[in-house]
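These are the structures in question, set out in turn.
Across the two complexes that follow, chain A remains constant while its partner is chain B and subsequently chain C.
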Partner chain A sequence: MIPRFWNKVFLIYRKDLKDEIQTFGQLIGTLVFGVMLVFIFSYALQLVNLEVSRVFPAALWVSVYFSASLILQRAFSKEAEEGTLDALLLASGDRGILFLAKFFCSLSILLIFEIVVVPLMWAFMGVSGQNLQLGYFAMSLFLGSWGLAAIGTLLNGMTVQLPGSRLLFPLLLFPLLIPLLMGAILTSQGALLGEVQSVMGWFYLLLMFDLTFTVVPLLLFDYVLEG
Partner chain B sequence: MVKADALVVRGLHKQIGGRTILKGVSFEATTGDLVMITGPNGAGKTTLLRILACLLPKSAGEVLWNGTPYGLEHGAIGYISHKPMLYESLSVYDNLQFFGRMYGASSKEFEQELLTLVGLWRYRYEPAAVLSRGMKQRLAIARMLISRPRMILYDEPFTSLDQEGQDLLKGLLEKERLKTIQLIVTHEPRLLSGLEYKELRLQGGRIEQGESYDT
Partner chain C sequence: MRQRIWQLLSAILIVLLPVNLYIIFFYAPVERTMGIVQKVFYYHVASAWIGLLAFCVVFAASIAYLWKRSEGVNLLALASAEIGTVFISGTLLTGPLWAYPIWNTWWTWDPRLTTTLVLWFMYVAYMVLQSGGETEAKKRFAAIYGIVAFVNVPLVFFSARWWRSIHPILVSSEGVALDARMKVALFASLGVFSLLYIYLLPLRMKSLELKARVRQLKSEVLP
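== the complex of A and B ==
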């Protein structure tokens, strides 16, 4: 039973990731959008006299948030547009499978996006990184992205069958993400400045937030996708 | 000998918003039955099929499979609508293989057999996006059959099919009769001529006529 569950999660995940790579344009479009945000931030911050290391995490997460709102919207919208959601529901047999597969796919794309954008942003903004605690910095990126992917997948599933879902999604996403974004910015800043001990509580909060928004939707997704 | 299954629908109600779509629909079907559901637009035909397929929750009533309620975990419901429900970026073969693996019923021989049956074997490497509407519907038939369903729900399946496709589907309705319960929503009963079927006529969410046999 359990191997079958995970096998189905993997099959949908692989299909979605393959589709994202094949429809290269959308992924590239999101990356270009993210890079443009990097340019805008680095240009704007050169005009004001601010300590880059303190501003960098906020600029980074604003870029990630805007790009993520494009990435996360695709999880279920594409299935709904192609009319494949019903076939997929029948074949999966458990809506939790769909949630996990879409969540893992969104998380993977977000992480690919960050692998490209974070070093670019780092270089353009001239961050010194003298006191950087790399492991914690990577953990803050991962936990923040996990939460973004989990909430985005849940919300996309909730709104995909509603009229005006493309407008509703970003409107509902932001208020839900406020605690997550606060935690992600503060933990990234702590790791960048070598002050991890002072933000340890935020790391735990991020972890709890991520676990909650992964486990609860997994259990309740039957109701979320009911038309 | 194929085990006979029984579908029992009792007092099925469905409300969407403030509107009652189904008002106490009851009927029974067993393996071998071909049930044609007819009725004017808005009578609740598609809603009934979607509830039976577990794609829509019911508001009240009972839907039983061999005496017990069922959900998506049923795993043996085939569903075809007027939309082909295919991945446009995947090839014909990859579409079939993906759903076959999801149902755990995939084998190369079976996939080849199904694509040959629906006349798409030579198009197997083409992306679904380039297929005509009728060819997509044929692929949808193969996708539905790969789950080896014990209940098949057809919602306007003849849409977009040419004469050859319609003959293929009619042949399938007869062939699958031995193994499945089949319910078909159609506005074109003439396309079922020559087949033995029960008719359920829905009108305003109620069964107006039912359980009659026609050929």
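== the complex of A and C ==
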């Protein structure tokens, strides 16, 4: 029973990721948007003579948030546009499977996005990586993206079924993500400055947030896709 | 019968609201260092209390809606969210009135302030979700959002608290840190505001119900 469950999750995940990579334009579009955002941020901040490297973690996460509000909307909108949601529901048989598959797909795309955008931002902002603890920095990115993807998947499942979803989605998303924003920024900063010990608590907060908002949507997802 | 209770409640409130103001301004002493501006505190705390209470009602009603799917429970949640938003807005407006002379700033990122603002945003998002034509899906999604948002509140509060706090702490393990007469004024405000909430809730539910009914009739009459 359990292997079949994960097998199905993996199948849908693979289908979605393949789809994402084949419809290259979307992914490239998002990446370009992210790069542009980073450029605007870096440029605007250096114009006012701010010590740019110090605001790097904050600027990084704000950029990720805005880009995520685009990326995360793709999970279900594709299905809704093509009317394949019902078929997918029938095929998977369990809404939890669908949630997990979509969640992992969103997470993967977010991570791909970050792999491109973060080094660029790093270079633009002239951050010195002297004391960088790379492992922790990666973990901070991973845990932050996890929470984003989990809540995003839940909300996207709802908003695609409503009119005016483009605006509604970020409106619902951002207030829920405040604790995550704090945790992500502070852990990234800690890893960047080589002071991970002092932000260990925030790593736990991120973990707790991720866990909560993976379990709660999983429980509620039956109600999202009904009828 | 229900009408009677309601009329009685409105009569009580007409009397109690001015009495509460009297207690605040004449019975409770003027705070020694802050002066008259401290009076805003009684409405500030009472509004925040109603905001939180209303949010808990939204949460409970949301669970009940997913479970029972009754129209009444959804109206309860929506009405409570609307009233909660009004009171939370009151808290957010009265806070700076006091903070500017005392802290010398309109706003700070204190846990309570941050949490209240996030709460306000979530309330507004909840109402936007329910607005513009009612469908079964919207009610269901609003209920899900009501639950998720409620789960989020403690996370917001504790993370913000971890960060820093300068807000006066009123209730601690040593009890309520207030002058006895100020305590009376505070509890009077809390009581009156709670009654106000209990009064407003069915009123708003009724008007939401009527609104839905009008819309339904319109759609039946007009092609």
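Simple rule for what comes next: the second predicted complex is superposed on the first by the 226 of 227 C-alpha atoms of A that agree within 3 Å, B and C clash if a C-alpha of one lies under 4 Å from a C-alpha of the other, contacts with A are read in each partner's own complex, and residues count from 1 in each chain.
One rule holds in what follows: a residue touches a chain if its C-beta (ideal position, glycine included) is under 8 Å from a C-beta of that chain, and two chains touch if they have at least 3 such contacts.
Just so you know, these numbers come straight off a predicted model, no measurement behind them.
Colleague: Tell me the contact category for A:L168 with respect to chain B and chain C: first, second, both or neither.
Modeller: A:L168 contacts chain C only, not chain B.
Colleague: Based on the superposed arrangement, let me know which partner A:V48 touches: chain B (first), chain C (second), both, or neither?
Modeller: It touches nothing on chain B or chain C.
Colleague: With both complexes overlaid on chain A, does A:G201 touch chain B (first), chain C (second), both or neither?
Modeller: Second partner only, chain C.
Colleague: Touching A:L176 in the superposition: chain B (first), chain C (second), both, neither?
Modeller: So A:L176 only meets chain C here.
Colleague: Can you tell me whether chain B or chain C touches more residues on chain A?
Modeller: Answer, by number of touched residues of chain A: C.
Colleague: For A:T212, decide between first (touching chain B), second (touching chain C), both and neither.
Modeller: second
Colleague: Please write out, lowest number first, the residues of chain A touched by both chain B and chain C across the two complexes.
Modeller: The answer is residues 226 of chain A.
Colleague: What does chain A use to touch chain C in their complex?
Modeller: Per the stated touch rule, the residues are 151, 154, 158-159, 161-164, 168, 171-172, 174-176, 178-179, 182-183, 201-202, 205, 208-209, 212-213, 216-217, 220, 223-224, 226.
Colleague: Which part of chain C faces chain A closely enough to touch in the complex?
Modeller: Going through chain C, the ones touching chain A are 66, 114, 118, 121-122, 124-125, 128-129, 132, 137-138, 140-141, 143-145, 147-149, 151-152, 155-156, 158-160, 162-163.
Colleague: Chain A touches which residues of chain B in the complex?
Modeller: Answer in residue numbers: 50, 53-57, 72-75, 77, 79, 81, 83-90, 98-99, 101-104, 143, 147.
Colleague: What residues of chain A sit close enough to touch chain B in their complex?
Modeller: 4, 7-8, 11-12, 15, 19, 22-23, 82-84, 86-95, 226-227
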